[in-house]
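Got a structure for you, written out below as structure tokens; questions coming shortly.
Chain nomenclature is as follows: A, B, C and D, assigned in order of appearance, with residue numbering initiated at 1 for each chain independently.
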Amino acid sequence: MSQDKHNAAINIEGISLRFGGVQALNDVSLEIREGEILSIIGPNGAGKTSFFNCINGFYHPYKGEILYQGKDLTRLKPHKIASLGIARTFQNIELFSGLSALDNLMAARHIHMKRGALSGCLFFGPTRKEEIANRERIEEIIDLLEMESIRKKVVGSLPYGERKKVDMARALCMDPKVLLLDEPMAGMNVEEKEDMARFVLDIFELKKIPIVLIEHDMDVVMDITHRIAVLDFGTKIAEGLPGEIKNNERVLKAYLGEE
Amino acid sequence: MGKRSAIFLSIILAVCLSISGLSSSSFAKEVAYLSLADYTGPIAGLNVPGDMGLEDVLKETNAKGGVDGVKIKFIGIDTRYDVARAVSAYKRYRRTPRLLVVNSISTGIGKAVARLIERDKRLQLVPGDGEFQAHIQRTFIWGPAYQDAFAATLDWIMDDWKAKGKSGAPVVGYLSWDNPYGREHLRGGKEYAAKLGIKFLPPEFFPPGTLKHDVYLTRLAKAGAHYIHAGGVDPTPTNVIRDAYALGITKKIQMTTDYWGPTALGIGVHAKALEGTVITSFYQRGDESRNNPFVADLWKKYRGSMAKFNEVYGMGMSWGMTYVAALKVALKTVGYDKLTPDDMYKAYQKITGFDKQGIQGACAYSPTSRRGSLEVKIYRVKNGKIVPITGWRKAPDAVSLHKF
Amino acid sequence: MRPCGVFDKSYGLDIAIIRTWQHWVILISALILLFLFPLFGSYYIISFMNYLAISVIVGLGLQIVSGYCGQISFGQAAFMAIGAYTSAVLTIKFGVSFWIALPLSGIMAGLVGIIGGAPSLRIKGMYLAMATIAIHFVVIWLILHMEITGSFKGLFPPPPSLGGFEFDTDERMFYIIMTVMVIMTYAARNLVRSKVGRAFVAIRDNDLAGEVMGVNLYYYKLLAFFVSCFYAGIAGSLWGHLITVVNSEQFTLMHALEYIGMLIIGGMGSIPGVFFGVLFIRILNELVMFTSPLLAKAVPWLGSSPAAALGLVAFGLALIIFLIFEPRGLAHRWEIFKASYRLYPFAY
Amino acid sequence: MIEFLQQAITGMMIGSLYALVAAAIVLVYKSTHVVSLAHGQLVAFGALFFWLFIGGLGLPFWVGIIPAFVLTALIGLLIERLTLRPLIGQPLIAAFLMTFAIFLVLEGVFVLYLKGETRTLPAFLPEGNMDISGISVPINQFIGFLAALFLFAALSLIFKYTKIGLGMRATAEDHRLAQGTGITVRNIFSYIWVLSAIVAVVAGIATANVMDIYYMLPYIGISGLIVAICGGLDSLLGALVVGLLLGVVENVGAAYLDPLVGGGVKDVAAYVVLLLVLLIRPYGLFGLVRIERI
């Protein structure tokens, strides 16, 4: 698959990652394309989250390249990658638990705010204007994700589902160009999952940005994604449209075990 | 400034106002003595018995009707060797009616409070920093300055050296705490050593609370020291000499200490190690102090059994005695109603020659002298007892040798 | 504090601290009262308030680095020392005016603070706390062993003066100290609710997530140390010119520990918490000071002046009680009180 | 060379005291993950109790040491029960600050009791020096050194071969898992504080033998903590090795660097070592490196 045909957003070329003796990722290549929802599936420990961690710079693969807008991300620090417009959520919800939901979202506007410490101390004129402008921006997202009621609640005290939502809203507040969602529906009941799936689709409709999804719930994956990649023991064993993956033998084997 | 802060400030104000209401109370015919002392820190071993002696003298004076009917109030503040605490305590008690004297028992604190004392035209007493003799101001020291007493030790060393029939110059080592107090002796002391022709080794400094002092002792011993002066406030000198004894160097090298050296209490326990140690003191020590009826009677009256007697108590008494003497002079000059700290400052300079019942040499405060007394006595530990080996002898003026 | 029924009608109003005209009245009258205070306060109270205000400035700095940024620092006393010494050296040896030396000493302390904060790039939590203890001792050692700091003799900075007017008493210094404290409080309060403050909290609560949000951990941790030490430096400079002496024994580890204690009692991560903590500890100390002679009379075993030792026990017990029963400190109680006032007279 | 060895050996004798204090701290950390600042006070109180029974009441050594163990263990137990247990589940830094609060309270009681005086242990060990090919070692300190080595050996045997030791090791790995396998974690916490207090008493007696019992004694706790951290907090071997090393570094540093910098190297040597170790190997020289999971 060549780039010009699909207009790739992120191009991952043969990345490998190792912890001690464990090969977490083995020569994984994948293309995240503009205008698609891509799912990454695979059994537990297949290296899905490690894959995300490589993209957003927590881990640096010892081999391979991650190209984004012609830039190699492999050696960059996470905050640099974030400022390039790649946002992500976390499997185990990593919120700023001491802040209110609103401030969590405001914190996500970090890369869009230019005023420094000194003018922050004065909180006057431009700083105030900037604060208000960004506040207006995040209110849109609060509306989109229907979380008006929890705006001023401290997130540490929110129920699980709400926290997942804040996590997602926070990633959105960065106005990302690529959105990585790590199991956004894990641990939710059916209704919450439906809500979440709706939000993902809403976001996609509204922003037209590529969304990468790690998810275990096959129904959701098959329903809302355009393309699926399958990881097993750090290796990409399949990639294709949902229909193809459903019937892929290697995938079935990975999930059900060898007969 | 937020609304929260606004409310907090009002709370501060309310609290402060109520405290200010509480703290303004006064008594009839009373003067105050403030002691900023370290009762629970590194030099507590010196301050606790010192302030006991002081307090008991004041109690005794009050019991006898005070000085011309004026009672003396003792205020003891534990500073914990903490300058900030001491300074704020001074500020707290500064406006105590007729607070005449502040006794700041630590080099750091004394130097910090000296400035404030100057501004407030009051009088301060500090242990022995020669700086205050060099720059005559309102801070007085208890006896001869540290450097003077150290110079007296050097004098004795020269005598001892000659008495032993040795030729050439003795080599002297010095080790003490790594802080302002530990270095004060050398400002003048070093110059005096040079004057005597003594070979003075590079001084050694260690933190208070060091576990073993072997390193410093062996280095001094290796450099050929004949005499080693152990600084610090007891139990530090005792521990240093114990280490020296364990190293076996006390056999060859004479250990000396200044007046914060081992007291009879410590010597009782470490008699073997401390045997032969020379102590230069401006106040009576050991059995001499214990047998001074003036001291012993007061101790027995207020503190009971002599078993825990510490001779620093006697030194504390001499602070109280000079205070009473100066107060008498001041009251005679201006009377109680007009009495200001400044009068007390003048009075302290007039009690020259005041007799301290043998506890300490005659009072030497005068317009040109901030030294409490000029004499020191050399003691030596013999068979677990502190025995005088000289009479009172005048300490040389080492302060004037140093450019402060 | 705002009564029931006052609503925010714009985002601007929502982020405002002072929302109603009543707030302005309270604030301004409190400020006026504060600055008129030397006219009717006793000397003891004024010097006590000076001490409080300086402690508040140090506490604010520590709150920023420890309470907001989550980097527990036991080095605050050492950075105070750097401020005090910088100011003293500048005014004495280079004849710089106090008004220039004051901010410079803050900046100097801040710069050293960046070096002191460097270990935070690799370690956190208790390890960092121990590293800052080590930094404290190294700084104090250097001060004691350098020539420019007057070595063991210390320095004697002159009182500040302005056009011939000498600020040489506590009453006069009161105005300088209080002005600086008010400005520093204002700055700290705003800093922590701006972008920078949120970045600090992001680092404290979840540094990994913070990085993903684009927070440069290195930059912001060092910035937090810079700001914190800047505050300590300013406080140190004020303290030095107030008591006109700086020496190495003035800044002990115990002070640094005391400030951490104040934050625990006042509440980590809260600007009013600093005021609560400072007031609580300092007043507790005064209470012990006043009551210990009575206690000593009742219990002779305690000795003649047990104030410092009893003060330690009281401080330690207060810390233990707060850590167990109210780990979020007095500020949390205050929030609860405010919230219920906001709802009054309704129950919800 | 002989001089260097002499300084190193002297340092090692002091270092064994640091190692003992560090061992007490490591024990607590290993199973409870609490880093304790309070152990300096346990050391001081251990020495004080010992003095009370030996010096004050005049009991013989082996009789006097038992109540000292019991009383100090009681303090340890009270610390665990009253102050640290309520903090289980709180951030670890809270427990660290709690031990600091405990330090303050005990410090207050300690100095209130002493009132500036010094207590000296009567000589219960043979005095004098032994001479090992030109290097002289005080016999009583050497006995202390041997006691330290013996204690370390005993502790590692307890950890390896006894049932309680197994429980402690399991608890150290994971509190919940240990609970799940039928270990009463709370009891383990109590045992560990008792054990740690006993080690602290030995450290206290050995230290008081060198420096007397006075105001500065509890501050050996800071040196102990530095050693524990440099050694890796969860490693007894680390405590021993680094403790001995730190003693040597301080002493040799003072011997060779003091003349160069004008004295006072001992003031900062330990802190400089701590900074270096924290910067180069944050988890200590012998500690387990933990990978942070996201």
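Things to note:
Here is the rule we use: a residue touches a chain if its C-beta (ideal position, glycine included) is under 8 Å from a C-beta of that chain, and two chains touch if they have at least 3 such contacts.
Quantities reported herein were computed from a predicted structural model and do not represent experimental measurements.
Shared contact partners of chain B and chain D, listed by label, are C. Taking the mean of all protein Cα atoms as the centre, the chain whose own Cα mean lies nearest is C. The most distant chain from chain C is A, comparing centres defined as mean Cα coordinates.
Across all inter-chain contacts, the pair with the most C-beta pairs is B-C. Centroid to centroid, with C-alpha atoms defining each point, chain C and chain D lie 33 Å apart. Separating the CA-averaged centres of chain A and chain B is a span of 71 Å.
Mean C-alpha positions place chain B and chain C at a centre distance of 35 Å.
Averaged Cα coordinates give chain A a centre that lies 48 Å from the centre of chain D.
Touching two or more other chains at once are residues 39-41, 48, 178 of chain B.
Residues of chain D in contact with at least two other chains: 111-112, 115, 262, 264, 267, 294.
Residues of chain C in contact with at least two other chains: 144, 186, 208, 303, 306, 308-309. Residue ranges on chain D touching chain B, taken from their complex, read 3, 6-7, 10, 13-14, 17, 111-112, 114-118, 120, 122, 129, 136, 138, 207, 210-212, 214-216, 219-220, 251, 254-255, 258-259, 262-264, 266-267. Residues of chain D that touch chain C in their complex: 35, 83, 86-87, 90, 92-94, 96-98, 100-109, 111-112, 115, 222, 225-226, 229, 261-262, 264, 267-268, 271-272, 274-275, 278-279, 282, 294.
Of all the residues in chain B, the ones that touch chain C in their complex are 1-13, 15-17, 19-20, 23-24, 37, 39-41, 48, 51-52, 55, 76-85, 87-89, 91-92, 94-95, 106-109, 111-112, 114-116, 119, 131, 178-180, 182-183.
Here chain A touches chain C in the complex through residues 56-58, 77-79, 82-83, 87-88, 90, 94-99, 103, 106-111, 113, 115-117, 119-123, 127-128, 131-132, 135-136, 139, 170, 174, going by the rule given at the top.
Residues 1-2, 17-19, 23, 26-27, 30-31, 33-34, 37, 41-45, 47-49, 51-52, 144, 151-154, 156, 168-170, 182, 185-186, 189, 239, 243-245, 247-250, 252, 254-255, 271-272, 275-276, 279, 283, 286, 289, 303-309, 334 of chain C are the ones that touch chain B when the two sit in their complex.
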